[in-house]
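Shared between the two complexes below is subunit A, which has subunit B as its partner in the first and subunit C in the second.
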Partner chain A sequence: MNENKYAKLEQQTSPKTPYLRNIVTAFITGGTICLIGQFVSLFYMTYFDFTERTSSNPTVATLIFIAMLLTGFGQYKKIGQFGGAGSAVPITGFGNAVVSAAIEHRSEGYVLGVGSNMFKLAGSVILFGVFSAFVVALIKTILVKFGVISW
Partner chain B sequence: MVGRGLLTFKTTPSIMATGVTVGPLEKKSPFFDQFDKVYDDERCGLGTNEHANAKMMDDACKIALNKLDSNPSKADFLLIGDLVNQMTPSNFTASALGIPYIGLFSACATSISSLITAALLTEVGMSNCAIAGAASQHMSVERQFRNPVEYGAQKPETAQWTVTAAGAAAVTPYQQGYPSIEKATIGIVNDLGMTDPLNMGAAMAPAAADTFVRHLQGFQTKIEDYDCIMTGDLGKTGFTLYKTLIENKGFQANDSFRDAGVEFYGEDPTFLAGASGAGCSSAVYFSDVFGKMMAGNYKRVLLIATGALLSPLSFQQKDTIPCIAHAVELSMK
Partner chain C sequence: MEGMLIRKVLLLLLMLVLLSGCSNHGIRIHNDSADASKAEEILKKDQRLTSAVILFHEKDLLVGIDVDTFSRFHKKKIEKEIKKKLEKSYPDLTVTVSADRKMTIVLDKLIRKNEKDMGKKIDQLKSLLKEET
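Moving on to the complex of A and B:
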């Protein structure tokens, strides 16, 4: 049996990815996380001196803190298996990626273990996130300079 | 020698005792009551996952030797392996036991490659007691080959769960009343271009089918000659593919076909396609299969353990997954 024939057989045999189910569960999971975030945001605006704009920072920190606890207690991976992208894309997924790597490498010490491996997974998110923000900002600056749009 | 890589053991070395140790999650296994020792802690109360891996193997070897009223100072050879980089857990086990040692790496096929090596040493009369075995510890293997254990990535249904288990077998010159090693087939590395480490069963199935066909054709045996033909850790997807591949070669799979990976955690869907890891085949072979042979339920069995010979580096460099399968034929005389 050659490679192409086997690849065909493998595709026929392996269970199909249930895209529709995954989309629905990702929507529910991601939506629920964002809904919780909305409540946290409203909480900060109602009980503390935050505006809609400034409440985003403490909201993000709170969500990351919750994700951190769930990761530590072994629950986030279960949410991840159910929610897929729905729990990976929101900020909680970022928190999970950082904390899971930190927990994992604790056995190699704080410097060589936690310190140098914490961003093993999230590092590329930061790099490409910052880089794309830079590119977008550059485009916008140019467009504003030429008067196409305004800030 | 009847063919390339096919071995016949004239002295038919025996497996006189086995020892199997498992982690806490393995309480879910239907083979649970046949395991010799269960730890309540995934790390066996030790500081690192890797130490736990070594401890499990250490205990499995001692349990097997204890059953022979023997101890490590009386064993001639230690032939074990695991999946951690440079096999440090096995090295630490060997250091603690003080038995002349060769570390063996055939990924998840180490349970059988070690058994073959032990049988060869016994066959040539240079060993009275050789310990063969393999171990894997879920967390130490997952962190190395995949993502951190607590990372919330969605796994597809073809993914398998690395078991926390160690199995050891004491191989001695022929003794009446114990399973004896009659024949073996050394695998040829098969690579049909599979690249997905979350579908290792599909990568390993061609290797299993190849070794199966070589063994049966080389030794002129039939499926009906065996009470059980058990693969190591193909999982649900790989097991189906393997059966399809051998059917294409003119063999009809029957009820005697089993796969340790499919059966290890029962029907629990949490484990997706089933179990994997070097400890998977060794734990089942050296508990369930050994037990059934001793009890007289199985007279002749063929054990085919499969191994995916990838590393995190080869996977990231977009290489394919080369796979191997080694086979051993055991019988009760």
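Moving on to the complex of A and C:
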């Protein structure tokens, strides 16, 4: 059996990826998380002294806190199974990656276990997050210079 | 079982989203010093606004605006334009214009409650709007 033949066979036997379904569930899950975030943000604006600009920080902290609790109680993986990328892309997915890694390496001690393994998954998120923030800022600077949008 | 529950929750959320579209529109005005008709005219003419709140208090004119979805990218620019127009028609008032949601929330609250220490609340709001992250 050569390589091509094997690839063909593998394609025939493995189940088809339901792309459309995955996209729809990811859209709905990510949208729901962002909707909750919007409500949290509105809550901070209505009852505390935060404006639209400053309420983003406590909102992010609250969402990460909720994701942390859900991860600890084992509920976030169910959301992840249903939503896929929709649950991984928002900030809650980042929180989940940090906390689940910390839980996993708890038995190896606090310094060499939790401390060194906590950002195993989240490290790449930080790296590419910083990089993509740089790219987006670059694009926005150019657009502002051309007068398409304002700051 | 799990799928059913998720489906029910999603249906509920969808209904909430659809229903929340029915919120208040138009221009709300509270006036205790100057003539409001000019400000109303300026805000009504602007097609990019969905709603607005106007509050006159002693030497202050505060305007909270809601812009439509795609004009949100030009929020700062719209604020500046409206501020310029208002300052022209009310030269002896200090004009504050903001598209921030906080502005409309607080102004609506002030109008509804009609409090006595409005000046204090207004100063607080102004300093809040200057804050950066």
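By definition in this document, the second predicted complex is superposed on the first by the 132 of 151 C-alpha atoms of A that agree within 3 Å, B and C clash if a C-alpha of one lies under 4 Å from a C-alpha of the other, contacts with A are read in each partner's own complex, and residues count from 1 in each chain.
Basically, a contact is a pair of C-beta atoms (placed from the backbone, for glycine too) under 8 Å apart; a residue touches a chain by one contact, two chains touch by 3 or more.
Predicted, not measured: the structure shown is a model, and the values here were computed from it.
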Following superposition onto subunit A, is the placement of subunit B relative to subunit C best described as a clash or a fit?
-> fit
Comparing subunit B and subunit C in the superposed model, the one touching more of subunit A is B
Return first, second, both or neither, reflecting whether A:132 touches subunit B, subunit C, both chains, or no partner chain.
-> neither
Considering only the touch criterion stated at the top, classify A:141 as touching first (subunit B), second (subunit C), both, or neither.
-> neither
Examine A:124 and indicate which partner it touches, taking first as subunit B and second as subunit C; both and neither are also allowed.
-> neither
Smallest inter-chain Cα gap (subunit B/subunit C, superposed on A) in whole Å equals 10
Both subunit B and subunit C contact which residues of subunit A?
-> 78, 82
Within their complex, state which residues of subunit A touch subunit C.
-> 28, 32, 35, 42, 45-46, 49-54, 56-57, 78, 82, 149-151
Would you pull the subunit B residues touching subunit A in the complex into a rising list?
-> 47-49, 143, 147-158, 192-194, 199, 202, 206, 237, 240-241, 244-245, 248
Across the complex, what residues on subunit C touch subunit A?
-> 2, 6, 10, 13, 17, 73-77, 100-103, 105, 124, 128-129, 131-133
What part of subunit A is in contact with subunit B in the complex they form?
-> 1-3, 6-7, 9-10, 13-15, 17, 22, 71-72, 74, 76-85, 87-88, 93, 96-97, 99-101, 103-104, 107, 120-121
